[in-house]
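What follows is a structure written as structure tokens; I'll ask about it next.
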Amino acid sequence: METVPAQADLYQCPVVESRTVGAYHLIAFVAGEIAAVARPGQFVMIRQSGPALDPLLPRPMGIHAVEADLVKVLVEPVGKGTVVLTDARVGDRYSVLGPLGNGFDLSGEGTAVIVGGGVGMAPLALLAGTLAGRGRDVRCQLGFKTRVQAVAAELFRDVDVDICTEDGTMGRKAMVSELLVECLTDLGPAAAEAELFVCGPGAMMRAAVETAREYGADAQVSVAAHMACGVGACQGCVVRAGGEYRCACNQGPVFRAGELEWR
Amino acid sequence: METVPAQADLYQCPVVESRTVGAYHLIAFVAGEIAAVARPGQFVMIRQSGPALDPLLPRPMGIHAVEADLVKVLVEPVGKGTVVLTDARVGDRYSVLGPLGNGFDLSGEGTAVIVGGGVGMAPLALLAGTLAGRGRDVRCQLGFKTRVQAVAAELFRDVDVDICTEDGTMGRKAMVSELLVECLTDLGPAAAEAELFVCGPGAMMRAAVETAREYGADAQVSVAAHMACGVGACQGCVVRAGGEYRCACNQGPVFRAGELEWR
Amino acid sequence: MAVNMESSLGPLRLRHPVINASGTFDVLAADRVLAADLFTDFPFAAYVPKTVTLKPREGNPPHRLYETAAGLLNSIGLANKGIEAFIADDLPRLGRLPVPLIASIAAEETNGYGRCAGLLDGRDEVAALELNISCPNVELDGKALGCDPFLTASATAQARAATGKFLIVKLTPNVTDILVLARAAVEAGADCLSVINTVHGMALDPWTLRPALGHVTGGLSGPAIKPVALRAVYLISRELDVPVIGMGGVTSANDVLEFLAAGATAVAVGTACFRDPLLAVSLVQELEHQMELRDIATPGELVGRAH
Amino acid sequence: MAVNMESSLGPLRLRHPVINASGTFDVLAADRVLAADLFTDFPFAAYVPKTVTLKPREGNPPHRLYETAAGLLNSIGLANKGIEAFIADDLPRLGRLPVPLIASIAAEETNGYGRCAGLLDGRDEVAALELNISCPNVELDGKALGCDPFLTASATAQARAATGKFLIVKLTPNVTDILVLARAAVEAGADCLSVINTVHGMALDPWTLRPALGHVTGGLSGPAIKPVALRAVYLISRELDVPVIGMGGVTSANDVLEFLAAGATAVAVGTACFRDPLLAVSLVQELEHQMELRDIATPGELVGRAH
């Protein structure tokens, strides 16, 4: 984890792009210091500036893309905090703190099997591009409820992506776990050397990890947790891992599947 | 007082103009039903739409101008609620409830002496135009701290305005009460038939009313009060008048100087 | 799925579970200002007028209001015309409302509750009585009656003796253990509890650095206190068998669902009425829509689901 | 006008009146993440680490956090490594901070306060002790120790007997009359009071309609509770002679001025640190600027101005 700039006003980043991508909303910030060091799987804490105190706290958002001095995030408006983020207009200044968290471990060499569910695909796009850029064999499966979400798969630029939706309105009509089984089967004996990178809803992540185990593949998962500070100060964002509570913000959000205890 | 439309979504009015006027901010809304019936001295309760709950309540703003189906207000950003209002952008929808309050009594016939202090000038612009349109003799005095506020006097279109600032950076270097004394002296015996219309900071209104009394002139003053509902429901906006507490929202905001008890 | 929004609160039949909170919606004043015909299209399922007291009260000096973060401080001080004028002037008009009327009463001494209840007992317009024992601005020996279990029981018992009508006691959250107060009221004869009144608070004007309210301290309401209210409703409704009217910071249909799930049988909207005097119209529509989406057939089905 | 920001809190010399609130700023964690060199440029005038207890505590199950309107509910449950590990691992590093260290301790029984205080009494790194008797998550017979004047006095007396250091007792607002608790602490030997800890509350997840926190109820902090905190500081500092550390919802320099005017000698920033871990830097700058504008020569000049 790199360190975050020290001066509060350095967090104030201008919005240069803000647009709807299907059910999600893409926002690009000028944030050169973050862009310079961000790694796949890290996140930022984002908050609108101004005197209003509701929403009160920043929201954690995975780093979706990095281009020159731009940092991009992809927001699914699910509640007050995320709905307000989608109001971002070019020229607005947002507080953007990061990069935070450990990010994915990219040192493996086997086939990288990327498995995303819903907006969990956001940080996986940066991961896929980075791994492909390093010449690693990358397979991508993304699952969505329906078409309006699935169109965001177009944001995966550098790699081929297999898409499925629960209602069949885009890509295969399937759960992403079915695509995963096919992918691992297809890899044959190489499946045991493969490594999964998973981000999505809890049930989907659990199913993917279970499947990985069956095929003898490793898995790294990026977990979600309610966060307040993002820097390890509040002890609020714990998940059960390695027999203890660990903070998703500074001991995660990426964990090895083997150490996580699912609730 | 006219009645306010019954359907909640009728209060949602699009912003069609939003710009800085010196220290103040002018916002124009499409609000045909309000524009059709608004009278000088009435006000609206304005609030940004959206899921955020801070600021919580609408803010009372005097109706500054009415043009066709547009209603305009002039906001001085003094605290959270008013600062947030100045964020208005063309296309935003604001909740605009009104017209509320009694407005000025326009039935008098003597010279109308309009006395405004600071942003208190906002509702007086509509008043001045209306009275002048009816052919009444109108004299306008506006006082400000300094030039950046005084430039808003340009918004008085239909009448001549005497301007003063405390620091002399625009118009005369004087308090508006000095201008008022000159004006009433100038009117000679007609001063006793004159009627003052006053809106501004408390001390300034008190001084104006005192001067009016000395010259035997009537005065109507538009008072400020902290409001929550604007419709007489909360009993929060009381001022002392006629020996009792009266609600500024539905028994005011305009009172006869004689009935007000200054604190 | 068809949703049936009807609810009942003891003997009161409600068209839906949303009512107004005392002191925050004045149907007589609003009817003059709003074009809506409130007497035929009344948005709430019951109407609770502002609390009245034996004698008229002129209330506290201004400022009486101050907005805080997602909240509102007030120190109205129970300004009201007194119960006699209420009965003479307002009751006949309020009787024309198409919904049950819940009269709210308060007194400076416990036996005043008995007298007020007695004066309203014979009035057909009144479907139920709510005892406001929790207003932080009316104090006995410097303390609100509703902070003391003894005085709470005594006020409730006196009102109970004076009326056979459905009796609601409205609790204050400004106590160490609200369950103790809730039990005291129920054991003394309350049929129902309103939970909660405002939370003690204070603000300073940031410019003058003097108290912002004329009365110095006041009662905090609005979304800021919703967590305090939900906890109180949850704890009380889990322990006691009487219906609870939940309130404190409701601004949306989701808030209503949360209060029902926490254990409330009906939910009151207070401060949010100041954001929009006709909020209840859209809120109730949205509530029905949400219930449909979530496959909830009746409000009753949801009551206490979070327990 | 030149502003002198120095403040004193009993024997503690503070560079300015703004400190952090326990459990909301972790200098050791932040120093790893932020590029700022917190050990030379520490933004607060004193440092209060998270509360430690005799035994390590793993804390409550997730979710431990839930945002509410202008507020934050937490049920961390005093997760900490225990006082021995704190003394062995953290104290030597915290001793390098350029500001006084105020250690915060809690215990599940009153005599635990004496033992914790005793263990820290000999440590030069520690300038003062704060007794957290008010955490709503540590309960004695289902009730926080700080809700009971007797237990409050007993915990304070035991700590007093075990240490000569400046002794701060941190009060809970979840009581009928906070003055009673304040007096109990001061009479038992507290040198200073921290006012306030979090307010009891609860939230439901709007989708599942189940309790949002793993622990069901939690403590509310942030701007939502500022009016509650200001009132408590005002009431206590008017009546008692000990210095008060004010806290609850501070997010801006104006908030600090308000707490000083209400009677606080120092002001702590908690939840707002989560909006921006380096908020204190800009806040203290703005505070100095505001004091200049308003002709306030020292923070002390302002203390209690609203009384």
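As written, the chain order gives the labels A, B, C and D, with residue 1 at the start of each chain.
The rule is simple: a residue touches a chain if its C-beta (ideal position, glycine included) is under 8 Å from a C-beta of that chain, and two chains touch if they have at least 3 such contacts.
These numbers were taken from a predicted model, which means no experiment stands behind them.
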Those chains which touch chain C and also touch chain A: B, D
Geometric centre distance via CA averages, chain C-chain B, whole Å: 35
Chain centre separation (chain B, chain D; CA means) in Å: 45
Overlap residues in chain D, where contacts from two or more other chains coincide: 69-71, 206, 222-223
Residues of chain A touching at least two other chains: 53-55
Chain contact topology (line, ring, star, complete or other): complete
Partner chain B, residues of chain D touching it in the complex: 69-70, 223
Residues of chain B defined as touching chain D within the complex: 53-54
Touching residues on chain B, where the partner in the complex is chain C: 1, 3-9, 11, 47, 53-58, 79, 81, 95, 97, 100, 225-240, 244-245, 250, 263
Contact set on chain D toward chain C in their complex: 68-71, 73, 143, 147, 174-177, 199-204, 206, 209-211, 216-217, 220, 222-228, 230-231, 234, 249, 254, 257-258, 261-262, 302, 305-306
Residue ranges of chain A touching chain B (in the complex, touch as defined): 50-55, 80, 83-84, 87, 89
